[in-house]
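What follows is a single structure, and I will ask about it in a moment.
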Amino acid sequence: MATKPTLSNEQVTAAMNAMLAKGMEIPDEPVAMAIVDAGGELLAYRTMDNLRIFSRRHALRKAYTSAVMGQDSGAHAARLQEQGRGIADLGDPRFTHGQGGLVIMQDGVILGGIGVGGYPSGQRDEDLSRVGLNVINL
Amino acid sequence: MATKPTLSNEQVTAAMNAMLAKGMEIPDEPVAMAIVDAGGELLAYRTMDNLRIFSRRHALRKAYTSAVMGQDSGAHAARLQEQGRGIADLGDPRFTHGQGGLVIMQDGVILGGIGVGGYPSGQRDEDLSRVGLNVINL
Amino acid sequence: MATKPTLSNEQVTAAMNAMLAKGMEIPDEPVAMAIVDAGGELLAYRTMDNLRIFSRRHALRKAYTSAVMGQDSGAHAARLQEQGRGIADLGDPRFTHGQGGLVIMQDGVILGGIGVGGYPSGQRDEDLSRVGLNVINL
Amino acid sequence: MATKPTLSNEQVTAAMNAMLAKGMEIPDEPVAMAIVDAGGELLAYRTMDNLRIFSRRHALRKAYTSAVMGQDSGAHAARLQEQGRGIADLGDPRFTHGQGGLVIMQDGVILGGIGVGGYPSGQRDEDLSRVGLNVINL
Amino acid sequence: MATKPTLSNEQVTAAMNAMLAKGMEIPDEPVAMAIVDAGGELLAYRTMDNLRIFSRRHALRKAYTSAVMGQDSGAHAARLQEQGRGIADLGDPRFTHGQGGLVIMQDGVILGGIGVGGYPSGQRDEDLSRVGLNVINL
Amino acid sequence: MATKPTLSNEQVTAAMNAMLAKGMEIPDEPVAMAIVDAGGELLAYRTMDNLRIFSRRHALRKAYTSAVMGQDSGAHAARLQEQGRGIADLGDPRFTHGQGGLVIMQDGVILGGIGVGGYPSGQRDEDLSRVGLNVINL
Amino acid sequence: MATKPTLSNEQVTAAMNAMLAKGMEIPDEPVAMAIVDAGGELLAYRTMDNLRIFSRRHALRKAYTSAVMGQDSGAHAARLQEQGRGIADLGDPRFTHGQGGLVIMQDGVILGGIGVGGYPSGQRDEDLSRVGLNVINL
Amino acid sequence: MATKPTLSNEQVTAAMNAMLAKGMEIPDEPVAMAIVDAGGELLAYRTMDNLRIFSRRHALRKAYTSAVMGQDSGAHAARLQEQGRGIADLGDPRFTHGQGGLVIMQDGVILGGIGVGGYPSGQRDEDLSRVGLNVINL
């Protein structure tokens, strides 16, 4: 039987804890964070207090976009924009052009995606996602 | 237990009455008006006679956009346009780029949104929403 | 040109005011109330404080069901149940079997629907809808 | 009781017959045609043989757009484009930017919409819709 | 190249005219009527004045159900009920258990469906659909 | 300004940690767990390894049902069944009849919902939700 | 890195070929067949000529139900019926109560699902799915 | 009875086999391939291992777009772009601007569509679709 790599409970827990701890260092700048599996299905989610609903949903859409596209959501959006296309043209409301989602890959196999939403800049969202990606330690 | 501010019946009634009274001063220019809570869920709605269906729905979408985005719908759309994005890219058909929605906030906490649709200009829609916001008197 | 009867601003305002005043007599039993036009499109809506979201949405679904079915929502559900059918079989999530919606008709023409949700019994919801229907005074 | 103008069976039949007769003069250029009421709900529909599905659905979307927007679909799209907006930003997949839909109005009251789809140009689609509008003879 | 039978403009026109003429004999009992093709896509539709919206949509759902199921909608529902299933279990809101839809078949090939809605009994709806089916004259 | 009670980060974190720790005591019986706010919007989510997708989604639907209904999902379903209704009749695919969701209330105000899915019995799902509810310590 | 078993191209090809060859033995009884992965996402699909659309879609829904539920679709439906529930109560239109779907599992891990639709009995549908499952040869 | 050309089992099987064989020549560049009928309904589908989910769905959307539009998906998108429109404006999430879909036509009649997704360029996707179209040999 063929096998493929997959995320474990330990990796998901470690990544969420690291992101949440880092995010809580600045409680006045709340963020939401999500990890999805290779099928784009939710593995873990947390939001901090007092975050607008859009950003709370956005974290999930960034993780989903990264996993289903197999690309970081910001890099994907940049390529799309070069082609003169909008994200709405892709036919799935869960896709976003927002930076802040990272694909989790190993040896060319997609394992899932991480997404963060809420900071004033997409770069800072992505930085926090990377905190999670780093502890997954593929 | 933590608490957060919320809109009361009295505030919603006062805001709706003020907006409706103001709107009815010009019966030949019908408008619709809506107030939603922090979750974007409807609190109050009225439409005047003989308004196209799009505008009747638009009032609700403006209130929803303001509450879920935590920004006035017109200001939000202006920022989005600067980034070269369309509202359709945000993945929720209830979002609108139309001016005329105002977020209801207190001390950085989102309490809901007010939206008006129907006037020939979004600025006039927003002016009527502000009539409602002013009487909420946060 | 053919004409058909239609609800006026005055009727909608009078009906909503009468229902809201009656409902506010018991503030500890919050309800939501809605009026829709012949197409099932929203004309007016209000909810009282501290009502579960289901009931807030239910008022709208009852008004919609009554207008689109051309029957009071409770009477319609009773007939459906006699036939061994469920409301889900009708293919529209806005339909409900809940009592509390009344059709607004004149001379066999459907003008719209009124719906109330929130009381412990559907009969009490319907009674409050009837307060609104009575002041429409067809 | 207030009244408002409405389309009659006779008008709808006459408009559909006129459009179909005109369209059938060129059987090799099939079109679809639709009439909706003030609520955007279907009154009448016909398609000729061998028309792509998109155009068959497009006729209905043009009629719907005209009724719900209270403007001819082509004129509406032109205004929208001046504002730098796309039709997708309006949050309803039944809206189209396609020319070929006409609003049916009388004394500022919207009675419905007519839409035609299938010709190589939107102008020709609109011309056929106008054949229908003319026989409604408001 | 393989071929399969298909409905022609002439058949659709003749069927609709026959059903409409028959229906108009009793103008106080309005009905709606629809014909769809083998893919369940609309070919022709008409509604008479003053019919509730549910029935106007129901005609279309009956025609769709008959074509996609390859069975008359009433017979299909009877079989389903014997199995203790509801139509909602089939996962498509366009399906209905309502009698009044007829499949159009020739030599075991499905060509489309006809549906009528509005009469007090499903049997009478089906009788009017049969008027249409008879003139298609397969 | 009126206020209402709300869940805090600390409560959500404590509840999720307690449920996850308890669930991980039996790694061979994976479960998913979710907490939503008063609007039914996600606050926190985790799933253990190797759980069928249905149960992973079910935890979220149980939490949503409890918050939006203002009742524990199992108790709500029992009442519904007494009335001869199915959950599908309520018009929202996020509702479930599954036991395992608990409403979070204080002084009659709904703060949110907790849901667990995955165990062979709904009672055990509910027991784990109660582990979370207990540490919220209202 | 953790790994989990997965279906390979070779297995999918072999299963589809075996099912298609078997199905084509009786060309007058057309069927459709589908294989989905662990996430319920399509891997392979085929339909034979002249099958009603419902059955063509049903094969996919059976495969999806089996993978997402982690149970054969017929066995799942039987258990659900014992509990007095309908499949519509599960909130996902892709679920079906139809027999004919088989889950693909290995050592308690779900790899995907196989579904067949079109035969007069669900048992025969399931028998053909099993032809595919057998050649996957876990 | 009128007839129209239609795809046969033999054609579909031959086209899929040819495309799959060609695609498998480069196993490290996985693709998905789909064939739909004139109604846009699925006839056959295959994906190779280790392809991102977006591309797996994209093959289907390209085939659908080609059949429903009656044009190759790339050529259609080019024309749309000339008009300053986006694919999202067409109101159907199954439409795509992606090159790689080909319409199957004979004598001006649409028989269906073929779509391929996954290669780095849309041109290569279209080349593989053409391998399938060529063996259909109209």
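Which chain is which? They are A, B, C, D, E, F, G and H, in the order written, and residues in each are numbered from 1.
Note that in this section a contact is a pair of C-beta atoms (placed from the backbone, for glycine too) under 8 Å apart; a residue touches a chain by one contact, two chains touch by 3 or more.
Computed from a prediction, not measured in an experiment: that's the story for all the values here.
Colleague: Counting one step per pair of touching chains, how few steps separate chain A from chain E?
Modeller: So the least number of steps between the two chains is 2.
Colleague: Both chain D and chain E are touched by which chains?
Modeller: Intersection of chain D and chain E contact lists gives C, H.
Colleague: For A-B, find its twin among G-H, D-E or A-H: the pair where over half of the contact pairs carry the same residue numbers.
Modeller: Same contacts by residue number as A-B, out of G-H, D-E or A-H: A-H.
Colleague: To bring chain B onto chain G by a C-alpha fit, how many degrees must it turn, rounded to the nearest 5?
Modeller: The rotation relating chain B to chain G comes to 180 degrees.
Colleague: Could you tell me the distance, in whole angstrom, between the mean C-alpha positions of chain A and chain G?
Modeller: Averaging C-alpha atoms per chain gives centres 32 Å apart.
Colleague: At what distance in angstrom does the C-alpha mean of chain H lie from that of chain B?
Modeller: Computed value for the inter-centroid distance: 44 Å.
Colleague: Averaged over CA atoms, how far is the centre of chain D from the centre of chain F? Could you give it in whole Å?
Modeller: So the centroids are 48 Å from each other.
Colleague: Scan chain H for residues touching two or more other chains and write them down.
Modeller: Correct list: 2, 4, 8, 39-41, 49, 53, 86, 88.
Colleague: Can you check the complex and tell me which residues of chain H touch chain G?
Modeller: For this pair, the touching residues of chain H are 8-9, 12-13, 16, 20, 24, 27, 39, 41-49, 53, 56-57, 60.
Colleague: State the interface residues of chain A toward chain G in the complex, per the touch definition above.
Modeller: 1-8, 37-41, 106, 138
Colleague: Per the contact definition, I'd like the list of chain C residues that touch chain E in the complex.
Modeller: Within the complex, chain C contacts chain E at residues 2, 4, 39-40, 67-70, 84-86, 88-92, 108-110.
Colleague: Could you pull out which chain F residues touch chain G in their complex?
Modeller: The contact residues of chain F facing chain G are 49-50, 52-54, 61, 81, 86-88, 93-97.
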